[in-house]
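The next block holds one structure in the form of structure tokens; read it before the comments.
Residue numbering begins at 1 within each chain, and the chains themselves are lettered A, B and C in the order written.
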Amino acid sequence: MAGSGRNALLEVTDLVQSFSQPRGILDRLAGRPVKTVHAVNGVSFDILRGEVFSLVGESGCGKSTTARTVVRLLEPKAGRIVFDGEDITAYSPSRMMPVRKKMQMIFQDPYASLNPRQRIKDIIMEPMLFHRTVSGKEEAESRMLSLLDIVGFRPEQADRYPHQFSGGQRQRIGIARALATNPSFIVADEPVSALDVSIQAQVLNLMMDLRDEFGLSYLFIAHDLSVVRHVTERLGIMYLGFIVEKGDRDSIFGRPLHPYTEALLAAAPTLDREKAAAPLQGDVPSPITLPPGCPFAGRCPRKMEVCDARRPSLLPVEGRMVACHLYGEE
Amino acid sequence: MSEYLLEVRNLQTRFELFRGTVKAVDGVDFTLREGEILGLVGESGGGKSVTGFSLLGLIDPPGRIAAGEVIFRGENLLEKSEEEMRRIRGKEISMIFQDPMTSLNPLQSIGRQIGEMLALHTPLSPADRRKRSIELLREVGIPNPEDRLENYPHQFSGGMRQRVVIAIALAANPKLIIADEPTTALDVTVQAQILALMENLVKRFGSALILITHDLAVVSEMTHRVAVMYCGRVVEEGPTRELVRHPFHPYTKGLLESIPRLSGERSRRLPQIPGMVPSLFDLPPGCSFAPRCGYATDLCRHEAPRMRAVAPGRTVSCHNPVQGGEEAEGHGR
Amino acid sequence: MSAKKEGFFKSEFFHNFVRSPGALAGLFIVTFFVVLVTAGPLFTPQNPYDIGSLDLMDAFKPPVWMEGGDPAFVLGTDDQGRDLLSAMVYGSRISLFIGLSVVVLSCVLGTFLGLVAGYFGGRLDSLLMRVVDIQLSFPAMLVALFIMAAFGRGLGKLVTALTIVGWVLYARTVRGSVLVEKKKEYVDAARLIGLSPFPIILRHVLPNILTPLIVIATIHVGTVILTEATLSYLGVGVPVTRPSLGLLVKNGYDVLFSGLWWSSVFPGMFIMLLVFGINLLGDFLRDEFNPRLK
């Protein structure tokens, strides 16, 4: 169940994020309303110290947006973010500065997450020098070299540029950069989705080794359930900006309750099954006009009348939280 | 006539680049029967996409097909002129690409694009073409096809667009469809729909399918046979179910083991293949996989292995195939 | 570092450069002009700006190989009795100076505005783009003409006018590039470190948008030289005492059709040659830096 209290490193409560699509002059003159993309609609979760928590879902579900909002790359529209005991929801850039040392991010695209014009040694030293977590250039260099060693590079490679490395190597450089200021919390936004299968395993193992060695917490964003199952302790399944099921790994994978979770597990191609199950029909609806009731009602194979009318809340069922009218009281 | 719809023998495709010559496809052999689904699996740089393009003669300079034979229905495609190939593309052999947004013309309605395919390869009248287009759209599961003929690609979601692409590929009822990562850009639930659709249609229309992908799991659910590629060569080939359960080549075995599973035991560390895929400019001597292989011997490092049969229907390119095809560890199953 | 120098001469860029006839020709021409304007004045038979050394009696003497030619004036003389060859050398200097200074100034101004507009977006961006759009809807020539006619002739004024006309090209291109780079994750990573906008713009974004700038700047030099030539031809360019190549063309134009062709044609050919050389280089750079599909 949700962790709370002294041991929670991160507490996110009712987080809301939306984007308004800018109207052209003609639309404004015609009086057309502003279109808003409701990306995150009241998401809550906690992450304990040293824990891996995942947000899983398909494109457009809001998981990446949630992650970016949690680290304040985007300003939340509503909700609360409490990190290491501090309410950072509305911190100004200067107040965020000391916090930034403690939370870092690993990005999805190894080809866009490193500045092509910076040598990798500078990429890794930049955060250290900026935050003065080292006493000077010398200490920065020695720390940089030790980080490179941890992620599996030789010292000679420090002078090279990103384009001289493969996708998997670049991802490891990104990990070294994230570790530069000795953070306690790392957001990993689809860290292995763009990598080849054999490299995925390497990077995942590295991330888990680092977690063990440095006591890190991860917010792990992914769409691949089998990857998530391997690394996470607890997870939340997202659909259209809502968390529809949340709990510990074994409960959810062993016995998924929410119809969408079931569908996701059934749809995921896997070596364990011989035949794919009957797939879920329909497409993910647009986050511009949210359905009034359950966000999944349009595609749910077990939909009831109430599902179109009323939005279900997250309620504790069988050891995890589910937002579904099939469970819980009416 | 041969029992095979397609026989590829010693296909070699090279790219002459500034930094050197890349042997993207370096002696690939495989066969395909009518109505069969073959999975061409490998990681990036493995040569699978280039193989697909080579079959259709779609290799532009600085690439060229250096050697080999592509025998389709008894004729070597590599010996045909561009004009002859144009008649074959679309009509006999169709291709589906990864990104539906760039494989569809954003400025033309989908009705027009299907119609164009039909006009090129069938003798149907415009009225019949329209009827057939609607039928095709219905086959691929697009609701209200009559209304949607006039729509443009951007008015469809990613999954719908890929269905349109499939409709176009099937329009002239080709004998062979080559699908290059057709679902990689799609969400998981949509991917499942598209794969089910493809499997269904391919069976109904009686076409053969070459499914090119990096996703072994997709391949294991959908294909009859699999060819695994590494650095431009096929390292192992055989019936899917058997290959996945009992791989012979260490690369296949390593790959299968490093994929996390959705059920069963999970171990703390994923078994991983050490090292990295070598640069195609700088392939190691002997077997390309030797530097990463736990079973490599001196022979492996000096002499490249050749494809040979190690069991009925199973071929491997390896000096020391995994003995008896040990079951790929499902993390201690 | 020696490793870097070695690297350049082995690079694909260098390899392609020495194999491209256009690029080599362009480099040769541009180098010729650079040498000409730096060392030329030491060797010209006459200093055309020294009014005392001119004699109106020498006006419109034909080139040395024609009847009536004077070996002292190899390519003939212009309407003021200036040795055409010397005038062309000094004129090239003026033309190149104008070309380079306008490009440097408009590049710096345009890049700065483009960076700011692209990175910060919002109203600043809208405002800037409206200004750019409005200015681009007037022909550059007309704008420059208007400014020069209003404020009179002069080298400084000319450079200013052409800079005002020229910055929009850079601003627009830079803004577009910034929009693309802004979406890339390395910019997010920089923000996540806690860097404020200006260090991010200067250290992370700017180095990555330089490539299209180099191409544009190179071709822009040629454009400026031609524009200046046209303005001078129309009488609103450089002052008469220090003629650029364009002004020389004008001066000889009046008598062009009475058979005294050389004082227009030779400077005109020089302009053409210089701009051609610049364009050859620019074309090569543009093709080289075009991201190629694998």
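Heads up, the rule we're going with is that a residue touches a chain if its C-beta (ideal position, glycine included) is under 8 Å from a C-beta of that chain, and two chains touch if they have at least 3 such contacts.
Values in this document were obtained by computation on a predicted structure and should not be read as measured data.
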Please work out which of A-B and A-C is bridged by more C-beta pairs in contact, and write that pair. A-B
If I average the CA coordinates per chain, which chain comes out farthest from chain B? C
Distance in whole angstrom between the CA centres of chain A and chain C is 50
Please tell me the distance, in whole Å, between the geometric centres of chain A and chain B computed from their C-alpha atoms. 32
Two or more partner chains touched - positions in chain A: none
Return the residues of chain B touching two or more other chains; collapse runs of consecutive numbers into ranges. none
By residue number and range, which residues of chain C touch two or more other chains? none
If we count contacts the way the header does, which residues on chain C are in touch with chain A in the complex? 184-186, 188-196, 204, 207-208
Taking the touch rule as given, give the residues of chain A at its contact with chain C in the complex, in rising order. 68, 71, 73, 93, 96-97, 100-101, 104-105, 107-109, 112-118, 126-127, 130-131, 174, 177
Complex contacts: residues of chain A adjacent to chain B: 58-59, 166-169, 196-202, 204-205, 208, 223-227, 229-230, 253, 263-276, 278-281, 283-284
Give the list of chain B residues in touch with chain A in this complex. 43-44, 157, 159-160, 187-193, 195-196, 214-218, 220-222, 241, 244, 254-256, 258-264, 266, 268-273, 276-277, 330
